[in-house]
Amino acid sequence: MDYQKILEEIHQEVLPLLDKGKVADYIPELANVDASKFGIHLLTLEDNAYSVGDVHEKFSIQSISKVFMLALTISHLGEKVYERVDVEPSGDPFNSLVQLEHECGIPRNPFINSGALVITDMMISSFEDPRTEFLEYVRDLVGHSEIFCNMKVAASEKQHGFKNAAMVNLMKSFGNIENDVEDVLDLYFEFCSIEMTCSELAKAFRVFANHGRGVIDTKKYITESQFKRITAIMQTCGFYDEAGEFAFRVGLPGKSGVGGGIAAILPDEYSIVTWSPGLNKKGNSLAGMKALELFTTKTGTSIF
Amino acid sequence: MDYQKILEEIHQEVLPLLDKGKVADYIPELANVDASKFGIHLLTLEDNAYSVGDVHEKFSIQSISKVFMLALTISHLGEKVYERVDVEPSGDPFNSLVQLEHECGIPRNPFINSGALVITDMMISSFEDPRTEFLEYVRDLVGHSEIFCNMKVAASEKQHGFKNAAMVNLMKSFGNIENDVEDVLDLYFEFCSIEMTCSELAKAFRVFANHGRGVIDTKKYITESQFKRITAIMQTCGFYDEAGEFAFRVGLPGKSGVGGGIAAILPDEYSIVTWSPGLNKKGNSLAGMKALELFTTKTGTSIF
Amino acid sequence: MDYQKILEEIHQEVLPLLDKGKVADYIPELANVDASKFGIHLLTLEDNAYSVGDVHEKFSIQSISKVFMLALTISHLGEKVYERVDVEPSGDPFNSLVQLEHECGIPRNPFINSGALVITDMMISSFEDPRTEFLEYVRDLVGHSEIFCNMKVAASEKQHGFKNAAMVNLMKSFGNIENDVEDVLDLYFEFCSIEMTCSELAKAFRVFANHGRGVIDTKKYITESQFKRITAIMQTCGFYDEAGEFAFRVGLPGKSGVGGGIAAILPDEYSIVTWSPGLNKKGNSLAGMKALELFTTKTGTSIF
Amino acid sequence: MDYQKILEEIHQEVLPLLDKGKVADYIPELANVDASKFGIHLLTLEDNAYSVGDVHEKFSIQSISKVFMLALTISHLGEKVYERVDVEPSGDPFNSLVQLEHECGIPRNPFINSGALVITDMMISSFEDPRTEFLEYVRDLVGHSEIFCNMKVAASEKQHGFKNAAMVNLMKSFGNIENDVEDVLDLYFEFCSIEMTCSELAKAFRVFANHGRGVIDTKKYITESQFKRITAIMQTCGFYDEAGEFAFRVGLPGKSGVGGGIAAILPDEYSIVTWSPGLNKKGNSLAGMKALELFTTKTGTSIF
């Protein structure tokens, strides 16, 4: 299949959508991103890469970071992670406190904010230096060391992150946060502020497409069981309140971020990453979702 | 792969679980089912069948019926079905009224009771004789005509179905039910009371595994797009509040019923059906889930 | 104090409000009521009556009926009524199902629809002929027999009463409804369809102002303890989601109805009834509330 | 009436209840209070005082403080206070976040924690030195200066106050908190940690019984309208989720605290304060409520 040609076709088809979405504007650092940016990067397990657009430009990966946070944490703590965070879809906007209050401070899954905050808390308890541990982990997945957090973004998030602060405090009131509230928030916002390119994200997610084994370094990052778990959570919980729609239209496990990125995998085949800052009403990249839908339709590839 | 041997191994491994689950007891007809029953039936697209246990015994398929209801309805009405029922996981027990009230009478998806009740309402509005239409549709999918509703079960369900009645009335108060409340309930309970064997269910679901085209009659029951939609909904919403767990442990799209049946598919490969009346706490067959987990693990097949 | 003059002043002051409210329009029988109607009737325990406006015109008392239903039922069943309905304010719109679902089918208080539906169910279980029993009770309170239900209104309510039907079914699913759902609904809507004049309502409520003893017939309708209970519930739960506002502005225990009536009492002193069909956003009579506020302010009378 | 004899009778009657309640134990400072303590103090507008028990022992008034906070704030800001906090009963446990999230960060009333936190925020914005302002206000109401906060209690509350922190953050995310989250929490916990005796509380509340005018200093602390508002809120929202029960059993506007205090008033007549640390299941003093019920029954005084 001529993947490069398909990506170029897709690029043309999504161009009219670039100004239809709404760039996240709750912090200036995200609001100021150029809405006309678009990139799509495909990386196969045979190490072939295809790309179109702004695939070598760094952007804020935001919630996509939650996949790395979960992977690192379960590779250290194993199944007991799931005693403090469930694995089911939330059926509610991604930052709702209602469910958290009704379910005694146990978040629905690790890919909503509350769940990722509990994961962050576990990382503080487990690692001497969770910042470095996390950054090194992501760098290993990508295969080079030029991956950094954007402390200005993190600080700005913190300044506007009252709903996240409400969640950590609520969970702490239920005993599901062990560490200091401010420490958890600081670290969480740092993790979300990490900046990567489409190309780098595709490299990192290819490890998941390869059942947790590095394609280049052949290191086993997560076990087969952990691979299944992460993939299942991406499939059912990876797109805020639009998991069903994404499963239908795209049919790949993945994770989106409010920065406009989407990373997805077809296990045993490829990873694919899109970036377009304009979001739809549910907070997922408008052009990114369309691009991925076109890709799985044109190539006839999907998990179904 | 020696599928028959694998099924026999699985049978032995799940035997100790048969008395661990809890048979549904809200109506006598279900409560009186023999908890020691177990069947597993695998049917490939190449028309090879493998089975163990009570695979030719009829049981109440209950919510599995919702897949047939949705398929028949979207094959007639198309995408406009989704104006009255959403396609996202519910994140709440399957019969909650809370979400329904907050979301103006629009059910979260067609596989929770409220959603299937709206589908039933559409069927009444669309078909001159929805009873016959539905039964004929299921018989066509199976390939023979010995499929019937159990009117005693339906009557018993109706007698205890006050929560379902509450839901229909609530949705009607929001304008999302067109027909008479009693008519909707009667028909819904009839559809759920349909009885099939593992073998028959596997034949019907194989059509879905074959992207909606009959393997024997080669009839196109649903379009490719409708196949993707139904599969995506099975994947994200097919197991009450346990979709994430099922995706992880089994990794196949499917649908469970309170009668103890589970039907699942691996698109392009096979359909597989288990029956064991003992349920886990979330209402899914305990031994059935385990059997399917063992099957996808032993065969290394799953959508991921 | 020149009560007559005060009432006449009030009449002038509320005239500009008569077209500001919104007449209930969910059934044609209420929608067609003349919005310019206004009446206010004061009746003291010394048997002095003062009135202005349309005080001898019958109107649909609707939810005000719930006070009579509760009084009759607790006079027969005593405190055990409160095992099936609570006595606390609801803090939610008057017909919410959410609280009902979270609190296992026990309504918050007898003056929200769900609570009055449970009271109706108790009446069916307790009385051979609850219709006659209720009507005779109200006629006794008023002191004459020209009080009737409007069966056309009742039928119309039933036809649009799907939310009430949802509530009865939900409560029955929790075991808090003993009788047939349709029977409960029919009777409830009949009780709400009762028609009275301001003058008649004032006579009936004067019995409550007199601690449950008839002023003319000196019959003891309810005990002192029951009087306190009913008064307390009127005070905290009598005005849908506006109990606090009414307590502040008017400062009298009372009950409003969607037909535009408000009946209130100052224990040991008087009963006072207003009628004006235009409602505010919370479903209470706009001019009626203002008239009562002016009355307690001008007379310096209130429970506080 | 021989009030002193009545209080002594009541004392005997509630003695068996003193060990039936449960002392608040979420912070050590409250947990360590002697459960056998009991005091009741009656103070009339004619300046007669009657008392029994430990009425001159300081205790943590906790939520009773919310009445003073509201009074001081509305006396400065007037009605606009109610743009940021509603005046209706909550119908939910006193610290629920659910309602707050559904109602866009506007607390139901100023006597639940979220409401008092918003009031605290207003005080920080309005006063140069809110600490001193508040303490001086309470001292004026009491008539002497020996009223202090217990900084150890405040610090302990802060250490365990994650649910309150969750609420402030959630309200700030909705824009209903102007100041720094930590500042609001610190001040709020300080205000709740104020310690007073039954006798002192009775003096302060007598001002409210006197429509906001000091009995000794004849100063007008709040307007007549503000008096009505505060009294109405005490009546409908003063006892967590037990406002209806208190209205029935006691029939006086008032406010309870988790330290075991209850302060109530009969306007134009008296203030009455009880203290007994053992709480009932809804968080109100078990013996205190009984004592007040006995008092209004024996004296035949109540607002109804």
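Think of it as A, B, C and D in the order they're written, each chain with its own count starting at 1.
In the analysis below, a contact is a pair of C-beta atoms (placed from the backbone, for glycine too) under 8 Å apart; a residue touches a chain by one contact, two chains touch by 3 or more.
Fair warning: this is a prediction, and the values are worked out from it, not measured in the lab.
Chain centres computed from CA atoms place C at the largest separation from chain A. Here the CA centre of chain C is 32 Å from the CA centre of chain D. The centroid of the Cα atoms in chain B and the matching centroid in chain D are 56 Å apart. Contact with two or more other chains is made by no residue of chain C.
Here, these are the chain pairs in contact: A-B, A-D, B-C, C-D.
Chain D makes touch with chain C in their complex at residues 86-92, 99, 108-109, 227-229, 231-233, 235-237, 241-245, 247-249, 251, 253, 267, 302-304. If you check the complex, the residues on chain B that touch chain C are 96-98, 101-102, 162-163, 165-170, 172-173, 181.
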